[in-house]
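Multiple structures are listed underneath, in structure tokens.
In the two assemblies presented below, subunit A is common to both, partnered first by subunit B and then by subunit C.
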Partner chain A sequence: MAHFDPNARPFSHKWMNERLAVDTLQKVLSTEYWIPKNINFLWAMGMILAATFGILLISGIFLLMYYIPDTKQAFDSVNYTVMSEVGYGWLWRHMHGVAASVVFLIIYIHMFTGIYYGSYKKGREMIWLSGMLLFVTFSAEAFSGYMLPWGQMSYWAGMVITNLFSLGSLDFQGLVEWIRGDYVPGQAFLNRFFMLHVLLMPLIIMALIVLHFGTLRIPHVNNQDGEEIDFDAEAQKWKAGLRKESKVIPFNPVFLSKDVFVMSIYFIIYFYLVFYHFEFAMDPVNFDPANPLKTPPHIYPEWYFLWSYEILRPFPKDPGLVAFGFAQVIFFLLPFLDRSPNVAPASRRKPFRCWFWILLVDMIVLTIMGKVPPVGVYTTIGTVAAWVFILLWVTLPIVTKLEKPVRRSK
Partner chain B sequence: MSDRRDFFGKALGAFAGLGALGALYAAKRTWDPLPSVKAAGFTTVDLSKAEPNVLYTEMWRGKPIFILKVAKDDKAYSDKRLINVGGDKFFIAIGLCTHLGCIPAYFPDKHKFICACHGGQFDAAGEVLKSPPPSPLVIPPFKVDGKKVVLGEAGPEYKKLQEAGVVA
Partner chain C sequence: MKDLKKLGIVVFFTLLVYIGVEPYAHSVMHKHVEGHNFKYPDLKPIAAKGNPETGKALAAACMGCHSIKSQGVPAPMDPVSASGAYGVNPPDLSLIGALLDEKYLAHFLKDPVHTAIVAHKFKDRAYPMPPMATDDQSAADLVAYFKSIAPKEVKPKEAYEFACGRCHEMRYAKWTQIGEVPKTKKNIQTGADLAKLKFNEKLAEYKGNMVKYLGKLPPDLSIIVRARSEEFLETFVEDPQSQLPGTGMPRVGLSKEGYEKVFAYLEEVGDPSKPKREKVGPIVLLYMVVFAFLAYLWYKHQWKDLH
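Entry: the complex of A and B
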């Protein structure tokens, strides 16, 4: 039976502790959650992502107050009402648009940090998988949000992406019409994507963020050398006052203060973009209202989808879809395709080092080729880059099998 | 005792499962196109004033419909996909590229359609000249009525095309 002191003042520390175990909670969640010392600024990307999600949520709440999910009014409710009538409406819109774009840059940095340091294996598989689920749900969130201003790019991206669900020659037209609720994107489509964007997807994302944090708890975050740290022993050292000797620091306040420093730099850049260069996140084509009878001359997705779009593009319809599907799921399999026992930075894993840098460069090439029109030499480069992407993943088990055990540096 | 619990557990699970299936079906039906959307009638187009080699675009069930009176000197003039309306040969198709649904543009001087999205090309009868589109432009159900065409209704001419395997 729990003990409740009848003399404790309501809401005093003791009173709260007896009812909510606030001290234990604080220890478990922050002051005795241990982070290795041997990390760098790339380890701050997670909290930057959490903060950016917070910005998206708050700016989204303000946009929601004037947005009208109606095919006839949506465009003006964004481009006229929010932008020129609502006090500081432009601020929320630019914050929302820029954050939606920048969040993917940080996601990619976060992912490639994980790949580089091998932070997806030996007990960290669930961290990787829950992170990949977040990537997919963020993509769905970004796509559904892109529909809402109901501009030309919204409409035609909606048309092209929903058409993918006909699954090529299988010709599942019924499935496509079911997703749209109409023969073409229309009112039903706008309404359901509005629902997905403002309720269902954010709910799933928030649940996945909790899961993603949870997956870190037992294996802990990786470190710059992939060293296996005895967190209990090192935590004892820290608590005994041997702060210099201990290999770990508590999440709060030590790690968090480093995080906040990196975050501050990030927010300086972010707000610079919001105030002075928001246009990079605003496609000019989407400032034409949706017109079902006129395709824009060149349809391309936002920059963060370009690499997978480029994998779809150079092939005929069915193989293109297969390649596209491959690109969407293959990152999930990374912990299982990497057959090497080494948890170490890529620089110390010989053939894998090349694999890592080729993958990074290839994805940048795919991104650039996805943006330019599909003509002449661009088609060739795009096709080669798409094949390189596929071959990289096919050869990954062999590349990692060839790897020798990495000798630990001190 | 544990048999009793097992039974209750299974009975509860079965009922809850039935309920979940029902809810899933209701959710599926909620996302179906509405009857009013499905009943989005038939479109009648008068072709008597059409000029040769000029593309006309009509709207049917929210989709653009290409109508092209094919000129006699066009290479596609003898294509079996063309529709005879009052002695003239017409190309009528849904104006969405069969690759991913963009609207191809018509170039009268080249007598072909070019899709800007992924570079697909079609001739004046909707046949593929250049991939990625996997199949010709789709001919919608139609009925010839003198110099007019009713879209959405499968007339004898449409059924003939079906038998010939030109349309699905």
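Entry: the complex of A and C
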């Protein structure tokens, strides 16, 4: 039975502790949440993502105060009202746009860090899977947000992407119309994507971030050598004052101090982009208002979708859709396709090392080919890169099976 | 050290992606057009020296269609009737000496259709402005006259209104092809704003005439500076056919300085936060640098006895 001291001053430490166990909470969540000492700045990407999501949320709330989800007014509500009438509206908009773009850069760095250090297996599968769910929901969030200014690219990207749901030769026109709520993107379409962008997707993302953090709790984060650490024993050492000998550090304040430092460097770059180089995040084509009668000469998605778009593009309709579907789900399967027992940096896992770098370069090639028009040599490069992508994943179980157990240094 | 090497790898691949999807992809998607710095090399230089006095007399012929407000010459018609008669409202001529290229203007007065490069649109109808100068001398006289009445300073807004304003709306600056949107009030009892309705009706009529004339409604230019690159705008205005072959937009014939004025206005309306960005940016960055420095000290303090 809980004990409540009748003399405790309301909101005093004791009073709060009796009611909310604040001491325990603080230990569990921060001062005794143990992090390996042997990690580098790439492990700060997670907190950077959380902070960037915070920026998106706050700047988004400010934009929401003036945005009008009406096909006739949406364009001017952002491009005129927010940009020239609202004090510092331009700042919120540029912060939101740049954050939406760089968040994907950080997600990709975060993912490839996880792949490089093998942080998705041996107890960390759920971290990976919840992370992938975050990737998918972030993608949906970004796509729905892109519809809102109702510019040329909003309209035509919306048209092209929803068309995919006709599922090629199955010709499910009915499904496409059901999603759009009309024959073509229009008011119903805009309202739906508005709801998704400002309510449903953020809610799901917030829940998933909590889940993602939760999945980290038991396996703990990995480290630069993939070493299996006895966290309880090492924590005891730390508590006994053996700061040098212990292999772990508490999240707060020791690891946090490094996180905050890395984050501050990131914010310098981020704000540089916000003030002096935001064009890359806001496509010029979307500053022409939506015009159903005029197809833009080049339709392409934002940069972070280009690699999967390019897997769709070089193939005929149906195989292209299958390949696209493959690309969307295959990263989920990574922990199960990797048959090697090693948790170690890719540099020490012989065949997998090549696999990793080929995958990275291939996805960059796909990204660039996804943007240039599909003509001539670009089509050839794109097709080859798409095949390489598929083959990489098909061969992953074999590549990892061939791997010898890694002997630990030290 | 090891961290720096890893950072180097991350930066390298990030830049590779950036260069690939931005500068490189755009250079492939958009054809490159060589600009001529508003020198109009296709037009032959005019050797004749103009006399403003003779020009002044010749300019009387312009007043049947154009206003010259700085000289107290009013427009013979209101914009809507003018668009009915000619397709668009002939622009006021007060500023042409200051904004247009001399050589261009002389050629335009001799042969408007070909100089504006719109002959392909006027195969079976006459260009509304007839040739006004029969030889180089009278063209040069007219140019000399318009230069003599040109003001020293032209405001960016005036430059836009003269050069683009008869065809292009700019709703974020409340500009329409028939002038600024007037301030009107609605009747409190009925909720109707008759003056505004009448204005919109006139505007719709003007646009109707203009579409018949140009074949297309020219786009609103409010945020064209964000929708097109600077390079595109410059080469397009210098010669619309170079970027959009067959387009109905005429070559306007601005001089380099004239274009800079027009562009300044496009930027002022289309990217109004530029001055503010330049002011706030350094402050925010400085703040972040100080923050990073303090964070570094904290980090060093926390990690000093860990290894």
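Following the convention adopted for this analysis, the second predicted complex is superposed on the first by the 410 of 410 C-alpha atoms of A that agree within 3 Å, B and C clash if a C-alpha of one lies under 4 Å from a C-alpha of the other, contacts with A are read in each partner's own complex, and residues count from 1 in each chain.
Simple rule for what comes next: a residue touches a chain if its C-beta (ideal position, glycine included) is under 8 Å from a C-beta of that chain, and two chains touch if they have at least 3 such contacts.
Predicted model, so just to flag it, every value in this text is computed and none were measured.
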item: Which superposed partner A:S257 touches (first subunit B, second subunit C, both, neither); value: second
item: Which superposed partner A:H298 touches (first subunit B, second subunit C, both, neither); value: both
item: Touched partner set for A:C354, first subunit B, second subunit C, both or neither; value: neither
item: Touched subunit A residues, subunit B compared with subunit C; value: C
item: Contacts of A:E177 with subunit B and subunit C, given as first, second, both or neither; value: first
item: Which of subunit B and subunit C A:V285 touches, first, second, both or neither; value: second
item: Touched partner set for A:A233, first subunit B, second subunit C, both or neither; value: neither
item: Doubly contacted residues of subunit A, that is, touched by subunit B and again by subunit C; value: 297-298
item: For the subunit B and subunit A complex, residues of the former touching the latter; value: 28, 31-34, 37, 40, 57, 59, 61-64, 99-104, 115-119, 131-134
item: Complex contact set, residues of subunit A against subunit B; value: 156, 159-160, 163-164, 168-169, 177-184, 186, 188, 192, 292-299, 313, 315-318, 320, 374-375
item: Residue ranges of subunit A touching subunit C (in the complex, touch as defined); value: 37, 40-42, 76, 79-80, 83-84, 88, 90-91, 105, 109, 243-244, 249, 253-254, 257-258, 260-261, 263-265, 267-268, 271-272, 275-276, 280, 282, 284-285, 287-288, 297-298, 303, 306, 360, 364, 367-368, 371-373, 378
item: Touching residues on subunit C, where the partner in the complex is subunit A; value: 2-3, 6-7, 10, 13-14, 16-18, 20-22, 24-25, 28-29, 171-172, 219, 222-224, 226-229, 272-273, 276-277, 280-281, 284-285, 288-289, 291-292, 295-296, 298-299, 301-303, 305-307
